Amino acid sequence: MRPPFVHEIRVTWGDCDPAKIAYTGRLPAMALDAINAWWEEHLGGDGWFQLELDRNVGTPFVHLSLDFRSPVTPRHRLHCEVWPQHLGDKSITFRVAARQDDVLCFEGTFVCVFTIADQFKSQSAPADIRAVVEPLIRPA
Amino acid sequence: MRPPFVHEIRVTWGDCDPAKIAYTGRLPAMALDAINAWWEEHLGGDGWFQLELDRNVGTPFVHLSLDFRSPVTPRHRLHCEVWPQHLGDKSITFRVAARQDDVLCFEGTFVCVFTIADQFKSQSAPADIRAVVEPLIRPA
Amino acid sequence: MRPPFVHEIRVTWGDCDPAKIAYTGRLPAMALDAINAWWEEHLGGDGWFQLELDRNVGTPFVHLSLDFRSPVTPRHRLHCEVWPQHLGDKSITFRVAARQDDVLCFEGTFVCVFTIADQFKSQSAPADIRAVVEPLIRPA
Amino acid sequence: MRPPFVHEIRVTWGDCDPAKIAYTGRLPAMALDAINAWWEEHLGGDGWFQLELDRNVGTPFVHLSLDFRSPVTPRHRLHCEVWPQHLGDKSITFRVAARQDDVLCFEGTFVCVFTIADQFKSQSAPADIRAVVEPLIRPA
């Protein structure tokens, strides 16, 4: 069994607001960075940039939801666990659970659809991507 | 009846990714800017900064969810309609609907809790804020 | 004589760091937003996005420098005055002076070069742009 | 002789604009992240957040200048070399040189002043910080 994929983020002064915790408006982007890193890890270094430009595959988001459990601070690195929860014909659902010092800070669900990038048109998940994703799915 | 509150955002080149549309990671922050502007409009110019520092009231987010309906681009201004959907004893739920050229681009639900800011401790909605919010609620 | 061009920015809680002032890392982007707004104002609504995609003209930055004079806060709107200081054959130099409540907060110099956008190749300033910019130049 | 300090940044799709290169408005923040990481490395893990909150030392920026030499893309990690160039009584000057695949992408100069953080008042560089910085200075 594979170990979980965890993307580490260095939270800094510049991420924090006057309440001395990371500003809510930056947390969704951190979750997205973690999902992009998940793709890089599982597609031989290819993140959204290479998917789009080299493979002509887009994966735009159609939904995201986040629950904030505990503040994020620069006191610890932020460890974002990412896994695919569901692979539909034309969509993929990711889960992200972000922890600091083993405390769950936020968790969320993200749904993307597959597109032919240069046509911005929906398509089924390409076979090579399906083959990579399927064994990694952890159902809800 | 009051007209809806709409916050206008100028979407720019710098908000866009190589797909030539605003990057998903920036859209939640735009929705938050609109909610902050809603507070400014209804509390005599006080947004989160003044709420926290001058009134000692925090309103941290415990949940947000967004559905992306149509791409956001710099071709039009982004008009973010904001309204409170529910006011609980200790929480407030906002809805945001963001449109460009009358097309719905994204919509979302945001739940905040009221805190005593310098103690980061939950509190009931302060009476003066409750008085402002209640007449503006549009239930789901 | 034309009045100066001033772009207004709403500084918020989310722009501030724990020192309760706007984070330095966000100020250059605010200056760039002001320069983009200057283009929009003077090219009939066309900012960098339209320049690049509709006119095939890029204006990438080769230099920027900023001096920070006074902290930026959400207490006042930020008024960014923008003007072209110099137009060379293939480059343009902008000045930005950002003020809150009539206090100079930061000022800077920005040098861009003109490119054929889809070739990322340097070019002379297009004639129609030169005609717009020249009367607005305020030399150092 | 110590090896140079290099902070690695993962450049992503979300950092890029429609020209398919990192947006200029994000590069100064990347340089600042590298300077913050330099402090963390040399002060036992303390970056600006801990300097300010635990040591009551602020280091606000009074100047920054950047020259952009070559586009930044997600094709390679961005390696930001950071070193102090000068330590005055009350100020410190950093240099940052950012490279991808051994190509210089941008370089810059950053001047910070030392403050008593909770008074936002200028002070001389604290002795323990001076002792750490002085051996690392590489004059212009």
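Letters A, B, C and D name the chains as they come in the text, with residue numbers starting at 1 for each one.
FYI, a contact is a pair of C-beta atoms (placed from the backbone, for glycine too) under 8 Å apart; a residue touches a chain by one contact, two chains touch by 3 or more.
This structure is a prediction, so every number in the text was calculated from the model and none was measured.
Participant: Check B-C against A-C and say which one is joined by more contacting C-beta pairs.
Facilitator: Of B-C and A-C, more C-beta pairs in contact link B-C.
Participant: If you fit chain C onto chain D using only Cα atoms, how far does it have to rotate, to the nearest 5°?
Facilitator: Fitting chain C to chain D on C-alpha positions yields an angle of 180 degrees.
Participant: With touch defined as above, tell me whether chain A and chain B contact each other through largely the same residue numbers, more than half shared, or through different ones.
Facilitator: same
Participant: Report, in whole Å, the distance between the mean C-alpha point of chain A and the mean C-alpha point of chain B.
Facilitator: 24
Participant: Using mean C-alpha positions as chain centres, tell me how far chain B is from chain C in Å, no decimals.
Facilitator: Averaging C-alpha atoms per chain gives centres 28 Å apart.
Participant: Return the distance between the CA-based centres of chain A and chain C, expressed in whole Å.
Facilitator: The answer is 33 Å.
Participant: Taking each residue of chain C in turn, which ones touch at least two of the other chains?
Facilitator: Counting only residues that touch two or more other chains, chain C contributes 13-14, 16, 18-20, 24-26, 29, 32-33, 49, 52-53.
Participant: Tell me, which parts of chain C touch chain D in their complex?
Facilitator: My answer: residues 18-19, 24-26, 28-29, 32-33, 49, 52-53, 58, 60-68, 71, 117, 120.
Participant: In their complex, what parts of chain A are in touch with chain C?
Facilitator: Residues of chain A touching chain C: 13-14, 16-20, 23-26.
Participant: Considering the complex alone, what residue numbers of chain A touch chain D?
Facilitator: Residue positions touching the partner: 10, 12-14, 16, 20, 29, 32-33, 36-37, 47-50, 52-53, 73-75.
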